[in-house]
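Next come two complexes built around chain A: one with chain B, the other with chain C.
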Partner chain A sequence: MLAPTAPSGLRADSGHAAGLRHLLVVPTAVWTLAFFVLPLGLVTVFSFGTENLITFNVSFGWTASNYAAFGSALYLSTLLRSVALSLGTTAACAFLGFPLAFFISSQRPRVQRLLLAGVIVPFWTSFLVRTYSWVNLLQIDGPADRVAHGLTGHHLQILYSPRSIAVGMVYSYLPLMVLPIYVALERISPDLYAAAADLGARPWRQFRRVVFPLARPGLIAGVIIVGVPAMGEYVIPEILGGGKTLMVGNIIVGQYLDVGDYPFGSALAVSLMVILMIMLFALRRVQPAVEAS
Partner chain B sequence: MVRPGDCPRNGQARLPSRRQVLRRGAALALTIPASAAMLEACGNSSSSSGSPTASLAGTAVMTNYPSWMGAHVVQDFQKLHPGSVIKQITNASSSISGTVQQLKTGNFDFGLADASATQQAVDVGLIEPPDWSKVPNIKYVAESFRAGFPHGMPTDYGKIGIGYRPDIVGEKITSWHDVWRLAPKFSGKIVFIDLDRDCMGSALRYLGYSGNSTVPSQLAACKNALIAIKPHLQAFLSVNYGQGLQDGSTVIAMDYDYDVALNQQKQPKIEWVFPTEGMVAYIEGWIALKSSKVLPLVEAFMNFALEPKQYADFVNTTGTAYVEPVATRFIAKSISASPILRPGKAIGNVEFEHFLGSATALWTQVWNEVKAA
Partner chain C sequence: MSLRRHPVAGALALVVVGFLWIPILAVAVNSINQSSLMVSWGGATVHWYSLALHDPNVRTGLTTTIEIALGSTLVSLVIAVSGALWWRRAPARARAVYDAMVYARIILPEVVFATALFFLFLKARFPLGILAIIVGHSVWNSAYAAVIIQARLVGLDPAIEEAAADLGATPWRAFRRVTFAALLPAIIAGGLLTFTFSFDDVVTSYFLGGNSATPLPLVLFGMIRFRITPEINAIGVMVMLFTVTLMGVAVAASTLVGSVGRGRRDALAELYGQ
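And now, the complex of A and B:
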């Protein structure tokens, strides 16, 4: 009698366990719905509204006028500047981050842990403090300027310019590039290097034909993780750009906090989001082709 | 903790600048909806016993900047009126829209706001017109400040003028015109304030217009003037405007009076200029909200805070330029002896910033064009 009942009990238990497992996703789902999907929906709805800037009352006439205003030269040039800076930051992070991740992954485990801590620990301090510290590093008579002046006889006049914004952004986003690439590299079996070497591949060819293709998913993840937030960055341009370089993030913040024009600010935010989504979809379409090649 | 009398002297106990305070406020402004919701969840902010004899019992909730209150004012008031509680939520925003949105939540009984935000709050219908008979100490506030802040109790103001190093410039600066004229010579060593109202307001005064102009052609001229000087600017700064004046890395700064006064204590060679074309100034104060159920408590607290000794406590704690001349005798010498901060004759040449109405969007547009140029 036991034999037939045991499997059904097991089935009941496993069904129960599966139900419990599904329950585990509930908190995350609720959180995502409440604090991501719903606000995003609200921003989108607001973007089609109009606002009385005296009373701050929003009326929803479903107008696209906020999007039309985005087509002006001021906003388009600002958007292009943001795209350029975001792409530049992402490329620089990839260029610097890949060799660094490769170097870390090729060390003994204990050294790897130490080096990873070296990448991560500075980021335990406040983002604002770290960004402001670059003002001291880059200012005239600061450490960087003294080195440059000692070597070239010229002062390093990059603070409060787009170049100092780029420096700050690369510094801030570099770990976000290093970590996913490191994870991808760390998963590559050492046997593959040996096999490639046995087949006559020299180190550069091993890197090009074995390491890089296998690390590409990590690189693409890094590009997304860095590129998306870099596009909307507004704190670093404000601090290191000396308020002289306008980015699309600054305009959105200004519309929300200074003018209080939520519909126009929302339209700018939604437009930026759409542009980013187009770029991400394009990347997704290109990725398999690149991997196949 | 900063106490009255601990005002910055020779670089000791440097107080947070107003703009540093505002920065914190701006960061907090991002959390307005969350904090409003939290307050909502805690129930109505106002509570009152309802009994006429105990009309001062209850809790009045105030929106304020962090540390923007006399060190002992609240404590002394609550001691004087047992059962009364003044609760500060230090999330006041530095932006007009942020302030008004905050006041609209209905979670506050009174709050700190500048004249622009106050006028907009009046237009929205949020403010209870003051009953000055309940706040007799308003008589201590100089008339010019009462006129500049008619819908509430003025607490402080800040002039936007020029700080510079005459020893480096080699000549006396007296006007905004001098700043624009000298810009090519001191290219890269001039800083301006990164706030549209203050920066554009000053540029408008340079051009001979009102610092509150809403005339498109005047704003266009203002934009051109700022774009012309921009290549010579080191930066538009949001904090530490005049810090570079100390070591000479900045030689001319569009700056706030309190900031120049602070930097002067570290570098006596710095000089402050009341520009001949005039200057703009922000003025802020406390406003009572219509939605409050404890207005008698709010008015009593306002009256108490205006007592010269209590008001001096506020000035000594914050280091701000002050609006109550009779409080001078209680104010630390480092502030009261400063011709920059003391209310004086030069105030006649000051234009207070007021609400721009629908022209706010145009100002923002012009400001963005300056920044993008």
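And now, the complex of A and C:
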């Protein structure tokens, strides 16, 4: 979905030049196999091993005991919280991002560029500093709390809870949702809107019958590029969760760097990959079904 | 009424852009705020800037970060450019595998990838540090660069390269004057994007840095976790100014080079003349 397709008009190579040309694949093949496929394979294998916590020696007995730990309420609730936060973040980004992308795409080119810069430039600021900024904004007596207190008479007690993590995640991932939707919308000819309006379609119907179907590939790209990495988020819960509210990413890091239980950390990482593959597969199934209807 | 001029979409859009900028304004304000608790305004000061500039951890962190970002950008571009050139004429099935690998490197949660590579390096006794971070960053950065460079390559009409060959250009010359010239804006854009991603990375660096390499984001992460530090707002503002300048230069450069490249593509007569 992200990678463009190759043009079809290229001649197939033959002979000597083709042999040399095939060498071009070597850097990417070596790098991907050695530093991406191999480590992920290794982690998968080790997730079925056992570790002696005194000597740190890992041995294989093909045990599933590392996965049995999911039965414990702590890990299961963390995993469910991660799924919920990821889905919620994705949905919120889509609801906020779609109107914004639509608004940008319907402006004059100069205004479009300005608004796109307005979306992208915050993204260039240090991610850590932006996330930390939410601690200031959401704390008791901070700006958001004062507004809430003035309006409702209640304090805004969301810092260091799943809700503040959600705010930070929506904030960080939003540009990743806006851009692919914008790219899809920008390709729609303005004549289509005019045609729909001339034919008597009211705004909601124009949206449903013209805009949404054409923007759907961009929306699905946005859902994937937000939802999948969000599942494994580590830094945002670390800062905005105050070390109390955790996601599965925090537990994986803890198992690796603090506890040193590599097989269990690996089992968590593999489970995360499996959940994500299921989600991606489900999205693939959704797409043709929607198109057929 | 036209949907494209609907006032609800406009109002919502402005609120969302505001949402994106509020934390940045807060960072800028707090970077000159005397009140160290950052709850209220306590008068203006440059104290946090001077603290940040004289902090030895920040200084060495910055040097480390720049070394890592330059190294990983270079490696990523070599991988992405050679890969994209191969991809263009590869058989469909091989191309599908390549695309899947690019895609996987972009969307796999960084925590999963970083733990896996950490584990491999541990088992292979590969020393953690700057080199390990460069390898780690270039795995996902090369995928981002690949997407940008491929998008540009798709827009390049092969007839132009064939015309260059027909007009007597050697393969190397045709590559240099046509293919590479057309790709240059994408290479610049991809290089800058990878540089900033590397510059900002926490998770991969956290795993692969070991005790020997602490890039700036890890210095900031340490500060954030252990105390309230207005100093990081000052660092944030300086990093932002640096990145925005870099990106501004990049956009200007790629537009400039892009127009030159397009000129080359259109002006076959120029090729003919040489």
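A few notes on this one:
By definition in this document, the second predicted complex is superposed on the first by the 267 of 293 C-alpha atoms of A that agree within 3 Å, B and C clash if a C-alpha of one lies under 4 Å from a C-alpha of the other, contacts with A are read in each partner's own complex, and residues count from 1 in each chain.
Assume a residue touches a chain if its C-beta (ideal position, glycine included) is under 8 Å from a C-beta of that chain, and two chains touch if they have at least 3 such contacts.
Bear in mind the structure is a predicted one, so any value in this text is a computation, not a measurement.
When the shared chain is aligned, chain C comes close enough to touch A:P143, but chain B does not. Once the two complexes are overlaid on the shared chain, A:L257 sits against chain B and chain C alike.
Considering which of chain B and chain C touches more of chain A, the answer is C. In the superposed model, A:G232 makes contact with chain C only, not with chain B. In the superposition on chain A, the residues of chain A touched by chain B in one structure and by chain C in the other are 139, 141, 238, 256-257. Within the complex formed with chain A, the residues of chain C that make contact are 1-6, 8-10, 12-13, 16-17, 19-24, 26-27, 30, 38-40, 75, 78-80, 82-83, 85-90, 94-95, 98-99, 101-113, 115-120, 123, 135-136, 138-139, 142, 146-147, 150-151, 154, 157-159, 162, 171, 196, 200, 202-203, 206-207, 217, 220-221, 224-225, 232-233, 235-236, 239-240, 243-244, 247. Interface of chain B with chain A (complex): residues 26, 29-30, 93, 95-98, 100-101, 104, 120, 123-124, 188, 194, 196, 230, 233-238, 247, 249, 357-358, 360-361, 364-365, 367-369, 371-372. By the touch criterion stated above, chain A contacts chain C in their complex at residues 1-7, 9-13, 17, 21-22, 24-28, 31-32, 35-40, 42-43, 46, 96-97, 99-100, 102-104, 106, 115, 118-119, 121-122, 124-130, 132-134, 136-137, 139, 141-143, 171, 174-175, 190, 193-194, 196-197, 202-203, 206-207, 211, 224-225, 228-229, 231-235, 238-239, 249, 252-253, 256-257, 262, 265-266, 269, 272-273, 276.
The touching residues of chain A, counted against chain B in their complex, run 53-56, 74, 77-78, 139-141, 157, 160, 238, 242-246, 250-251, 254-261.
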